[in-house]
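The two complexes that follow have chain A in common; it is paired with chain B in the first and with chain C in the second.
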Partner chain A sequence: MATLPARPDSTDVEAGPPPAPKKRRRGGRAARATSGARYPRWYWPAFAAPGIIWLAVLFVIPLYVVIAIAFGTIDPLFRTPVPTWNPVWWDTTALRTLLGHIFGSDAYLAPAFIRTFAYVILASALCLLVAYPVAYFVARYAGRRKVFYLLLLVAPFWISYMMRMLAWVNLLSTDGLLNRALVDARLIGGPVNWLDGRASTVVLGLTYGYVPYMALPLFAALDRIDPNLLEASRDLGASRARTFWRVTLPMSRQAILAGLVITALPMFGDYFTNDLLSGSPGTSMVGNLINDAVSSPGQAITGAVLVVLLMVILLIPMLWYVRATARADGEAGR
Partner chain B sequence: MPGPWLRNPWRKPRFLEAFTLLYLAWSLLPVAMAALFSFNAGRSRSSWQGFSLRWYWQDPALSVWHDPELHRALFHSLRLALVTTLVAVPLGVAFAIGVDRWRGRLAKGASFQMLLSFVVPELVLGVALLFGVTSLFRFIPLGIGAQVLGLVTYQLSYPAVIVRARLLSIGPEYEEAAMDLGASPSRALGRVLLPLLWPAVFASAVIVFADVIDDFVIVRYLSSDVATEPMSVKIYAGARAAPTPALNALATIMLVSSLVAVALGVLVYRRLTRGERGSSAISDFASQL
Partner chain C sequence: MARDLWEPSGRPMGRRAFLARSAGAALAMSGAGALLAACGKPSAPGQKAAGPPLASPQNPVTWPITADNQPIAAGLEPERNAVLKLYNWTDYIYKKVAVDDFQKKYKKYGVKVEISTFNTMDEAIAKLRTGQVDFDLFFPTYDRLGKIVQAGLLRPLNHSYIPNIDQAWPVFKNPFYDQQWRYTVPYTVYTTGVAWRNDKVRDDVAKLANPYEALWDQRYHGRVGILDDYREAISMALLKNGITNLNTGDPKQIDTAKQDLLRLAKAVKPVVNVKDYVDLPEGRTWITQAWSGDMNNAQYYMPKGQDPEVIRYWFPPDGHGSVGSDLVSILRGGKNPVLAHHFLNYMLDFDVAMENLGWNGYQPPLNKATPEAMVNDEYIPKTLETTVVLPSDFDKGYRQLELSPEVDNLWNSAWQEFKAGA
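Here is the complex of A and B:
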């Protein structure tokens, strides 16, 4: 690490009582962490600086570039976007045109937005319905096999998303195993092309893809619940169902919300699931609109405006998640 | 009327158990099937024609080893994963240590920026990086350089968040004790804090490595030509276009490299945290995702 500050070792190790803390900061944790105050003031910030600068240059500035392109112009000759850096000169034509395509009379983009919300809400709800019982079972009843189950729950994280989708493309194709099994069982007359642009395939694909992201936070939360609380509830006469509704569920509410956000956010930016399992414009989502715009020449402004819109839509859930995580960290350190 | 079995408060949750097993089958069997058919002797990805390693290296033209594109994609993925891990982990660890100890408004802002980069959809970051590289940082060419810069930006939050959590659970006492015994700040950091942080540093390195191997969106946008397309992009491009089991073989190699990294990670993690009270490598690992 190039930026590790080299501090002369001799200055701080003099014998004698440690210097009295000059100023106790407010808050127990802050005071504890800085007690002694033997570090020069720039010492810890210097550690964080490379990461901060990295993110400022390669995360914050590129996001601003997207905004500048969304409100910018296009080079008439090369068809490349020309960002407008100064907000005073921002050109809102592209934004207004696009909003017209969503809400106005010529609303050919509206279905994609409605579809995105419908698919994401449905798939997230399915993720919760599938993941909750699983997480509940592993956290409470798996006993000595908990580690084994956990290993299998975590496994999808290490399997490439593309491979998991490829696996379903194999299974669902016209000569795939699912069609064979169904034809052999005489449930369908002939093979069905499940991959020809069906909403159900895309929603199930999204559910399959993101369910592990729901299962793990739920497991972590359910595993943290003190079994004594549940026993107390049972001892006081509550039935299993009542214990679940009155104790377990309220105690996992935060994790449910976090799980819903952490599965929904990437789904809003997902275009590859759709491309692989449907490929039809009849099921395309906002992610597909963005990817198509970014990939075709001359469409950069449309892509940038769509990204800005997506960020605006997702701002509240993202901020909620960041705040909830920061608060949980604060509690963990107390 | 509920039967005696239903009234037994200690009955086994058979429904939940069955549901869990079904879920695991649903979640893992399709992948297992895809991996199985990479060993198929024929071209089909749905009817078994005997075992062979044809799609790995025996086939002189179409196997992963002999098809130059697939071969290149495999090594490109591994290269990206290695370089990104080597850059992102030190940056993220230093960030976590710095932000944990440095209190103030600016530190809060830095944490906020880091967490935001963690939750932002990869598509947004991918497009932002693409536009950033093509219209502002024009001196950065698309290709492996841009890909590494983008991946580090996206992965930085893993080591930062994981090491931060570990720091919160360690607390400042050990370091303070070291300094009371006469160590300088940098010595206390190097001799006391870092050894305590190793498990978290290591776990985050494994997570970053395995995650980069699987990365798709950022790597695809920042690739310049066929030579800088990794495995995931090959699978995406080939999945719907009459693929051979070589694609399954490629996916299986990805799977195995991720799993080997993680298995090694769990083993080493277990060694590093040996003797710590009540720690199970797997559940620690899981809780750090």
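Here is the complex of A and C:
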């Protein structure tokens, strides 16, 4: 995060000559932090080893298996996927067929893709709308009860995602609590069938399910904002609204982005929320298509291609996010 | 899968909730198979393997018994202190019957019974093919039987251990999918029909000219259930159109069914899952495509204070509908073949099978399990007598048989289009 004392340096760096190469050679941080103690070259990188091994074994290799299946063949007898490990032999028939179903003349998969994006964007925006004021309140105004409210924020994690969704199935049923409350309050004439395959129910279900993931990073960022900065802003004559707009919001921008990424990515692959709260083809998302494919005999390749396609599509916003973060870091570092 | 968590304890999950879906697990399984596969050039696409013949009532198949895989000798003593391992669909056998009672009966031999479960046939076969498991008994479907026999996964039966086969319908001594019952004994039979609640649906669906059409009725918008099973759902749409070949490879017929299903998706926004036995009693659906056994179970899911008798089930009274059966086989990799034979015989016993029915909801095809017997002993409610499967249903009913990969792909893409909500 940008802090005020960093400012004067930044002009120095830009204006002054670059630091002498001699001084930089020993890898600044290690040398400075340990004031003279010598460590072998591999010492600090070794700390990254568990993470790298974890990532390789549980992400990179499985991902390659999925790709090898997507471009592989099907065992003619058992109809199980036979991955093609060597990219030279990759078979793109399934990919081309599927792309035809998304963009071509017979584009029956396109609505599911569009729907997925619409639902995820809507639900992520709703998550932000709900979580930001909550996080703001806990960070700024909870006072001595901060720990208690923080506990409430984390509380949903104590119950499995599935159980929470199942609870909604009950609450939303025709004779469920929600309908009874609304009817008693005379807000609606008769019970509404919320579970009849409505997009709104699915979007609200996604929002409900993922909102804690948004609240936590927002709280962490808002809690870290130095109150002195806000006071300075007020002292300099900015109104409350302007202070929020010019100080608080920019300083929580990274957290908003992080929160959006953390909530949107799992939503893209979600199928369970949809299965439970709608179950109707009219609200199918890409996650449902993938799930259907992998659980149908002989359709594993379709499932794998959909996974790869979704990943490629999501790579674009991810790259943008990485760039935005890098840029922000660059600004903060100056 | 985690879905088990929300089932009321002690009740079965319902016969065919096997599509319980776990993309993760499925991918993981594929991965395991992948690691075993060779790295060389893949076989050319379209290359056909000499697969086993596709069995059908018109083309019954006798599976060979190979020299290296002979039945066990007659008259052997059951293994002592054995752990008998069952590999079954999730919640598809009553633990009291399969574990407690069987252990008591064979106490002398110190047997312990363990039940492991699977959610899809593919998952199960993939696991068995690794050769890393030593399950004794397996509950396959007949459409995959040829493959697992050809893969050498099953052990041929020695009939002398299974005198109770005489209690079963005669057809199962020589079923089309396994002539001379060399590898299988029957476990359950079921039909697929239409179920509804007569407190919500005003028409008597059974009396309609074409009861399948009720599922398309816009009055039940948002209250229609369709089974999340590509074979069942498309078969239903075929039957609605009077097409009785539930294994058709005719693209026109499949397209007719698909167009009808697309129309249904638009008209009534159906709930597509395999929870017919929960959704109907709980009122999420009012009318649903259903498995007969699931409807027997549905009464236990009726909310307190509500009358379970509102549930009705229709299957063509002339038997011209979709019928199926499930089987039990002995696995070659099991360590206790003698006990496994005893277990098959035990499950075919009338009293044992009926107790299992009381929990499982799915009917055993036994001669003594007549409609009267099952209704009078309250295994099946009087109002659901239509769920009873008769031997004659098996003569007239239509089977979903194994499809060739090409035809299967046609069915799957029609299904994909329906599920994608285009």
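Convention: the second predicted complex is superposed on the first by the 262 of 334 C-alpha atoms of A that agree within 3 Å, B and C clash if a C-alpha of one lies under 4 Å from a C-alpha of the other, contacts with A are read in each partner's own complex, and residues count from 1 in each chain.
Simple rule for what comes next: a residue touches a chain if its C-beta (ideal position, glycine included) is under 8 Å from a C-beta of that chain, and two chains touch if they have at least 3 such contacts.
Bear in mind that the values here come from a model prediction, so they are computed numbers and not experimental data.
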Study note, to complete from the structure: In this superposition, the partner of chain A with more touched residues, chain B or chain C, is B
Practice item. Check the residue A:Leu187 against both partner chains and state whether it touches chain B (first), chain C (second), both, or neither. Key: neither
Exercise for review: Once the structures are superposed on A, label A:Val322 by its partner contacts, choosing first (chain B), second (chain C), both or neither.
Suggested key: first
Check your understanding: Of the partners chain B and chain C, which touch A:Ala241 in the superposed model: first, second, both, neither?
Key -> neither
Exercise for review: Would you sort A:Val312 into first (chain B), second (chain C), both or neither based on which partner it touches?
Suggested key: neither
Exercise for review: Would you check which partner chain A:Leu55 touches, where first means chain B only, second means chain C only, and both and neither mean what they say?
Suggested key: first
Check your understanding: After lining up the shared chain so the two structures overlap, which partner does A:Ile290 touch, if you call chain B first and chain C second: first, second, both or neither?
Key -> both
Point to revise | chain B versus chain C as contact partner of A:Val147, first or second or both or neither | key: first
**Study point:** Touching partner for A:Ile159 - first (chain B), second (chain C), both, neither
**Key:** first
Review point. Of the partners chain B and chain C, which touch A:Pro111 in the superposed model: first, second, both, neither?
Key: second
Review point. Taking the contacts chain A makes with chain B in one complex and with chain C in the other, which residues are shared?
Key: 62, 65-66, 69, 80-83, 160, 162-163, 166, 169, 173, 175, 195, 271, 275, 279, 287, 290-291, 294, 300, 303-304
Check your understanding: Hey, which residues of chain A end up touching chain B in the complex?
Key -> 1, 3-4, 6-7, 9-13, 18, 25, 30, 32-36, 38-39, 43-52, 54-56, 58-63, 65-66, 69, 80-83, 130, 133-134, 136-138, 140-141, 146-147, 149-171, 173, 175-177, 180, 195, 208, 211-212, 216, 219-220, 223, 234, 240, 261-262, 265-266, 268-272, 275-276, 279, 287, 290-291, 294, 300, 303-304, 307, 310-311, 314, 318, 321-322, 325-326, 329, 332-333
Study note, to complete from the structure: As the complex stands, chain B meets chain A at residues 9, 12-13, 16-17, 19-20, 23-24, 26-28, 30-31, 33-34, 37, 44-47, 90-92, 94-95, 97-103, 106-107, 110-117, 119-125, 127-136, 149-150, 152-153, 156, 160, 164-165, 168-169, 171-172, 176, 179-180, 182-187, 210, 213-214, 216-217, 221, 231-232, 235-236, 239-240, 247-248, 251-252, 254-255, 258-259, 261-262, 280, 282-283, 285-287, 289
**Study point:** chain A - residues contacting chain C, complex
**Key:** 62, 65-66, 68-69, 72-86, 89, 91, 93, 108-112, 115, 160, 162-163, 166, 169, 173-175, 193, 195-197, 271, 275, 278-284, 287-300, 302-304
Exercise for review: Provide the residue numbers of chain C that touch chain A in the complex, in ascending order.
Suggested key: 2-3, 5-6, 19, 21, 23, 26-27, 30-31, 33-34, 37, 39, 41-43, 45, 47-49, 51, 120-122, 125-126, 129, 147, 150-151, 221-223, 230, 265-266, 269-273, 282-284, 405, 408-409, 412, 415-422
